[in-house]
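Below you'll find a set of structures to go through.
Okay, so chain A shows up in both of these, paired with chain B first and chain C after.
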Partner chain A sequence: MYDGGKIIPGLIIFVLFITFPIWYNRGNAGTVPQPELPKNYKQCVLPDADMRAEHMQLLNRWRDQVLRTGDRSFDVKIGDTMYQKSLMNTCMQCHTSKKKFCDRCHTYASVKPYCWDCHVAPVE
Partner chain B sequence: MDKKRRDFLKIAGATTLAGLGGPAVVERLVTGTSPAQARAGHGEHPVAHGAKTHTAASGHEDNNAPTGRRLGMVVDLRKLRKQPELMEKIVHACHAEHNVPHFPNKKDEIKWIWRTKFENAFPEHSDYYKDKLTIAGDVLVLCNHCDEPPCVKACPTRATFKNKDGIVAMDYHRCIGCRFCMAACPYGSRSFNWRDPRAGLDMNHINHRFPTRMRGVVEKCNFCAERVGLGKQPKCVEVCGSTKAMIFGDLNDPDSEIRQVLKDNFTIQRKPSAGTHPSVFYIV
Partner chain C sequence: MKYTFPLAAVVALVLFSWIGASIPGMQYIFGIAVPYLAMVFFLGGFCYRVIVWARSPVPFKIPTTCGQGFSLPWIKYDKLEAPLTTPQVMARMFLEVVLFRSLWRNTKAMIYKGPKLTYESSKWLWLFGILFHYSFLIIVLRHMRLFLDPVPGVIAGIEFFDGILQIGAPTMYLTEVTILLGLFLLLGRRFFNRHVRYISQPNDYFPLYLIIAIVLTGILMRFFLRSGIDIIAIKRLAVGWVTFHPTISADIGSIFYIHVFLVSALLVYFPFSKLMHMGGVFLSPTRNMANDTRMRRHINPWNPDIKPHSYAAYEDEFRKDMVEQGIPVEKPLTAEESAAAEE
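Right after this comes the complex of A and B.
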């Protein structure tokens, strides 16, 4: 190989350079977002882990049940109380701050749900 | 292989016959009926929302009774024309309840329920030598929640659909803003959000229990599906209150108040020749 003495170290430096974010941040998960939970309520619709993983599917299911099949019954059980399937009239009644709850994770994960194009966040 | 022309033609003919007639014979053997009868049976509507009958199509009387609800409304113009302030109150209450924006520019206007001239609401009716009240008074118009809604047929995404109560509803999550429904609606009941509707709303004084819309979707009256679903009356009917200028109920229930009103009064509908079977009736 002509100029091997320059090419191989050059390649090594290049690989190290482009993998810089990986080895520099090794073992560090970064700051995990801390959404602020409602203080007066201990329970949600589903257990915490399920809510974290599946709240979007749950909201889509509620949307289809309410809008498409017209099922507006109060069939969501939280603790001992029954609630209606509603983002604005159920979820956001406990989670009174979109900025401190929804946005913290969504900003971290860089997801931009279009809920708030139409649905109105609580006044903060 | 030695194939004679005569044998080839015989086999080809038999194969063609089997191909054409075979399925019909098999269907007859399996179902025990002739194909013509079998086809007639499929034409029946499993759910007939409308009050109209399908006697000619099926010939089975029992299947023609309407099942499910068909919500409708009677607007008593005799009462409303005398009280233009009540009409104004109704429009305002509906638009406040549903966060309908106000844009002064006619092109950007969004309306769910509004006042219009008699000749615009009922263009098929003669307006020669109108009486004083008809000339002076407006007609309150809204989405007719047709039994045969042309907007639903036009919608390519099924964003607008007829729900189980006979309400022509909108699912704004699915609307792509193509405006086919606006072209299809013979009543001009639909408005397009050319601008961000929140720009036309006082966001400090909106109804926090109902969403707004976004730019680029079509919107219209939803017969207060969100209130009716909870057992309440539509907002406009609630505002009319004891004046009974608007009556709301199930057109398929012969004992409902609305059916009594329809029985006792002569009513007209908007553009009946369009064949849309509106669920909003007018007493003039």
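Right after this comes the complex of A and C.
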């Protein structure tokens, strides 16, 4: 081998760099976040799986409808009751804690929604 | 043919993983076995290729210089374009790797009526290349949020600046736009530039199609086919890969498996293709050698070991035969030798 003194360290650095997540986590898979669910309510505006995958798109749609077209109608159905399109008046009525509900998953997945740029987060 | 065959190959990969991952139980193959195998092929193949290159001797000192070389101490020389010392070579290599300086020098030859030949600077390839490569780098770094727990601030910072326009939810990333722009411009260059189209091969189109497919599946997964895309389940799987405890918890949508399969295909394809320029750029002799041929002798490593053989030694070896054949010699035979020759 020619220039092994430069190429082998280079290769080792490359392999260490690519496998960085292995060294960083050190075999500890961590705990999967468990957001605290409201105790008195069993149903949300969409089925669980859809909420998990699509809640951000739903909230974004509500935001556009409420703020851009001024449509604040009570057309969100949970069970038999109708609710308003509103983060603070609907979502946060059941999911009272931002820290125990929103933040658990968002921190784990490093998601920083900008809801709280305008809304005032509940004091906890 | 050379455009459509690689495209058909990518479509086949998509269909294969789509159908494969829909079969119950096959998620373990597509979600665990395939990514691990791909990573083994990638790292193993990459090291193998670099070591094969490292074992190939460079017979001549062949740095490409494009500036005044060092001659006399009072003549100013171009330290970057004709580097003399190791730090200068390192500076040149660094700028090559980071800024693609050799593409910046690209020229286009044109023949006008006359006939008149002109060379003109052409920086399009540099622009498309830099758009694509840096977008890809940022995207790979951004994906580390799914592999690292807790997520380091640097990664979160990159993600913040990438999504700084705050368009939609989930937020649109700038690099999603720039990588597609770069890829389609690079592909368009191969389609519409006659000279480049003539020299393009299927293995030039395949990686472009494959990376476009990876980007498109990623964008579809993030914005349009969200059903079943539970990011917590996905991060759990990704952290599982790198901690060697992979768990497939929920019903993750097929688009995720297609995305992972295409990335695995890219990883496997990487070491055996032109994509190895990632490692090869560091080993290009025209870039990583110093322009010091007049100061240091470069010995070809495969030169045979030839011992010097002087005329005096040659005559000593063959004197008897030379005298016998009547060839003049500088030193006559001694009395004993001629007596032995007589007999």
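One rule holds for everything that comes next: the second predicted complex is superposed on the first by the 95 of 124 C-alpha atoms of A that agree within 3 Å, B and C clash if a C-alpha of one lies under 4 Å from a C-alpha of the other, contacts with A are read in each partner's own complex, and residues count from 1 in each chain.
The rule we apply is simple: a contact is a pair of C-beta atoms (placed from the backbone, for glycine too) under 8 Å apart; a residue touches a chain by one contact, two chains touch by 3 or more.
A quick note: this is a predicted structure, and the numbers were derived from the prediction, not measured.
When the two complexes are overlaid on their common chain A, residue A:56 makes contact with chain C while staying clear of chain B. By the touch criterion stated above, A:122 is placed in contact with chain B alone, chain C being left untouched. After overlaying the two complexes on the shared chain, residue contacts for A:72 are found with chain B alone; chain C is out of touch. Of the two partner chains, chain C is the only one touched by A:27; chain B is not. Set against each other, chain B and chain C differ in how many residues of chain A they touch, and the higher count belongs to C. In the superposed pair of complexes, A:112 makes contact with chain C only, with no contact to chain B. Common to the chain B and chain C contact sets on chain A are residues 114.
Across the interface of their complex, chain C is touched by residues 1-4, 7, 10-11, 14-15, 18-22, 24-25, 27-30, 32-33, 49-50, 52-54, 56-57, 59-60, 105, 107-114 of chain A.
Touching chain A in their complex are the following residues of chain C: 42-43, 46-47, 50-51, 54-58, 144-152, 155-156, 159-160, 166, 168-170, 226-232, 235-236, 239-240, 242-245, 247, 249-251, 279, 282-283, 301. On chain B, the positions that touch chain A within their shared complex are 99, 161, 163-165, 169, 171-173, 206, 208-214, 225-226, 229-230.
Note for the complex: chain A touches chain B at residues 63, 66-70, 72, 84, 88-89, 114, 117-120, 122-123.
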